[in-house]
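First the structure, in the form of structure tokens, and then the observations on it.
Naming follows writing order (A, B, C and D), and every chain is counted from residue 1.
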Amino acid sequence: MAILSAKKLRLELSTSRIEALTDGVFAIAMTLLVLNFEVPNPMEGRGAMELHRTLATLWPNFLHYVESFLILAIFWIKNHQQFHFIKHSDSKLLWLNITSLLFVCLIPFTTSLVSDYGNMPIAAIVFEGNMLVAGLAYYLLWRYATKDRRLVDSNVDDRVITVYRRSSLVTPLISLAAIAVSIFHPRVGTSLYFLIPFILLYLRRA
Amino acid sequence: MAILSAKKLRLELSTSRIEALTDGVFAIAMTLLVLNFEVPNPMEGRGAMELHRTLATLWPNFLHYVESFLILAIFWIKNHQQFHFIKHSDSKLLWLNITSLLFVCLIPFTTSLVSDYGNMPIAAIVFEGNMLVAGLAYYLLWRYATKDRRLVDSNVDDRVITVYRRSSLVTPLISLAAIAVSIFHPRVGTSLYFLIPFILLYLRRA
Amino acid sequence: MAILSAKKLRLELSTSRIEALTDGVFAIAMTLLVLNFEVPNPMEGRGAMELHRTLATLWPNFLHYVESFLILAIFWIKNHQQFHFIKHSDSKLLWLNITSLLFVCLIPFTTSLVSDYGNMPIAAIVFEGNMLVAGLAYYLLWRYATKDRRLVDSNVDDRVITVYRRSSLVTPLISLAAIAVSIFHPRVGTSLYFLIPFILLYLRRA
Amino acid sequence: MAILSAKKLRLELSTSRIEALTDGVFAIAMTLLVLNFEVPNPMEGRGAMELHRTLATLWPNFLHYVESFLILAIFWIKNHQQFHFIKHSDSKLLWLNITSLLFVCLIPFTTSLVSDYGNMPIAAIVFEGNMLVAGLAYYLLWRYATKDRRLVDSNVDDRVITVYRRSSLVTPLISLAAIAVSIFHPRVGTSLYFLIPFILLYLRRA
């Protein structure tokens, strides 16, 4: 029996496999957001007037749908940007990524919660807490992968590492602010996420 | 620290990644259309007669299912045809594509709505409005990518650009007509989409 | 403006794209079969005894789940075997494949229907009709692609074409038999599908 | 007509195709776990107090969600590690993999069951039985593929085969222990799965 290095036994999954699972999970989480909309139960004798009213009440659901779709898209783009530079994987990176997916998969639920109870602080805070933890996972994943250029190319520029680390903090910081505001004004708190595109645009230009 | 061009920091996602997410979203949106059919609640004492009646009422649901499946397939084919020529991506293209997906993901909901309330103008118009916006997103995406051959190969034929731009307008124009008709005859309005294959076939032959 | 052949304008989607969408749809249809199982509503005061009884009633649901999973797996394998030989695609092939997916996506619904109403001929016949049409789509797809070796390699053996055509007919023929039997004995009719693996094994050995 | 070897007619699906379907199924099963959380029905007059209480009752659901996500991730990693070494496929391997997916797809249902009825032995045992069978499928798949190096590279080290076989047994053995414990203490039984990461870490270091 050949002698086998411990390293060889600890097989690492290729980053392309991790990305395939991640793409699948994001595609499904985005599509499941639609379950946030419920078709009103068709009953005999319900008139056009009533359907108009019911559809009008779906308006906040639509805004929350757009918001969560936007945040999911930003996370997905971040993940791809990070894996553009990450060339190797190890067990910790894999589990950091799985942890991020665990909270990404919760987003359809917390979106649904905040759509139905948008005026209650607890619902807003659960939603924002979800985004905080998912966002932090991406921040930690990047920190871990770039520490001493552990899993990225050795010639990756310092500025790339810094810029990406900073932009990874945008969602967590907005989430902290949103939680603080939501204690008193949940609807204002959850609206803060619409600032993210402007902040990212500003960071990019800076 | 090396000087890094702003361009290098603005990493663009490869078009293959965008296509992978898009394929996933379309596969799920198509499959979720089936949630449009609800199995009648099995209760004690419900006879075969009643099941027959219930299944008969699902007939319009089936037609709407086929219609939305057809439209989704046409959008998917269009997206792939476009990305066959698009060789580069930038931030605006990415967000135009995400916007198209945002409205594609709504289709299972608006299909369900029009299936249950097919005789009400408002339901038909919401469905057709959904198709209008999704279709426009593909038109704008193509306009943006081909303007001065921004993101397509420089040797793409003018006629390809024109033909594809024109065929991108079929769904939006049909949607406008459908909305106008649906104000008075919602069932006729939503049926107009079945004309699309014939129009596309005609455009191709022309 | 360059002269462009009509052929070049009629861009054909690569078979790999078609396969990617197909894989996605099958993965989701398989997973959605689980919606066939409903967790009984937890109510105060409901005892262990009652949960046992409810779970026992899920037994036929499990059998139907296994049956539909098996049929979906057979369709998926057939699709891949066919696309192993199909080297080109055209518009008709694309739409034949989309038609097959349209009926594949219905399977979670018709499975749910037959699970809840297994003793009613109409439910069994709807399920079997679904399988009949989906199966026929794969038969027609193969017929179309291999006619005069239209879309397959020119050196594909005649026997491959014949063997695959014959095996494509197994599910449609079983479905016809199942429909006939289900008029009187729906539970027997839907069980016939469990014969498919044995028939395929027999055809292979023959 | 050319003579065709029986082998050529028995076309084997490439392992990459099998992996694509598997990745899709896992991504969806993980995401469907979120259906485990139900947004309480928003009714007029329901106060913040009541929403707090309802969310508090979701706490065990969250733990079960994390648990099932963890187990699915472990199965997915195992599947990829195995297919890293498996170079060929045959009909039996294909069906062993499909069998594993059949039980993977059930996990969202059994998770939902144990979340709602966590204090009832039968619910815990159904959940653990699901994990037992799914885990065994991966064990058998590896046994089958490595027997006489049937489907793996001929120069795969004996130790790799042994180490992977042993680690494949962790989930089934934990499941057996969990079933035994659950007869009396269902909540303790289902908690045993949280030991798996520590056991795998220990096996790796050993």
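To be clear about the criterion, a contact is a pair of C-beta atoms (placed from the backbone, for glycine too) under 8 Å apart; a residue touches a chain by one contact, two chains touch by 3 or more.
In this text, all values refer to a predicted model and were calculated from it rather than measured experimentally.
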**Same or different contact residues where subunit B meets its copy subunit A, judged by the half mark** = different
**Prompt:** Of the other chains, whose C-alpha centre is the longest way from the centre of subunit B?
**Reply:** D
**Asked** How far is the middle of subunit A from the middle of subunit C, if each middle is the mean of its Cα atoms, in Å?
**Response** 35
**Prompt:** From the C-alpha centre of subunit C to that of subunit D, how far is it in Å?
**Reply:** 25
**Request:** Specify, in ascending order, the residues of subunit D that touch 2 or more different other chains.
**Result:** 20, 23-24, 27-28
**Prompt:** Which residues, counting only subunit C, touch subunit B once they are in their complex?
**Reply:** 1-2, 4, 8-11, 13, 17, 20-21, 23-25, 27-29, 32, 94-95, 98, 101-102, 105-106, 108-109, 112-113, 116-117, 120-123, 126
**Prompt:** Where on subunit D is subunit A touching in the complex?
**Reply:** 20, 23-24, 26-28, 30-31, 33-34, 37, 39-40, 42, 48, 51-52, 55, 65-66, 69, 73, 76-77, 80-81, 84, 157-160, 163, 204
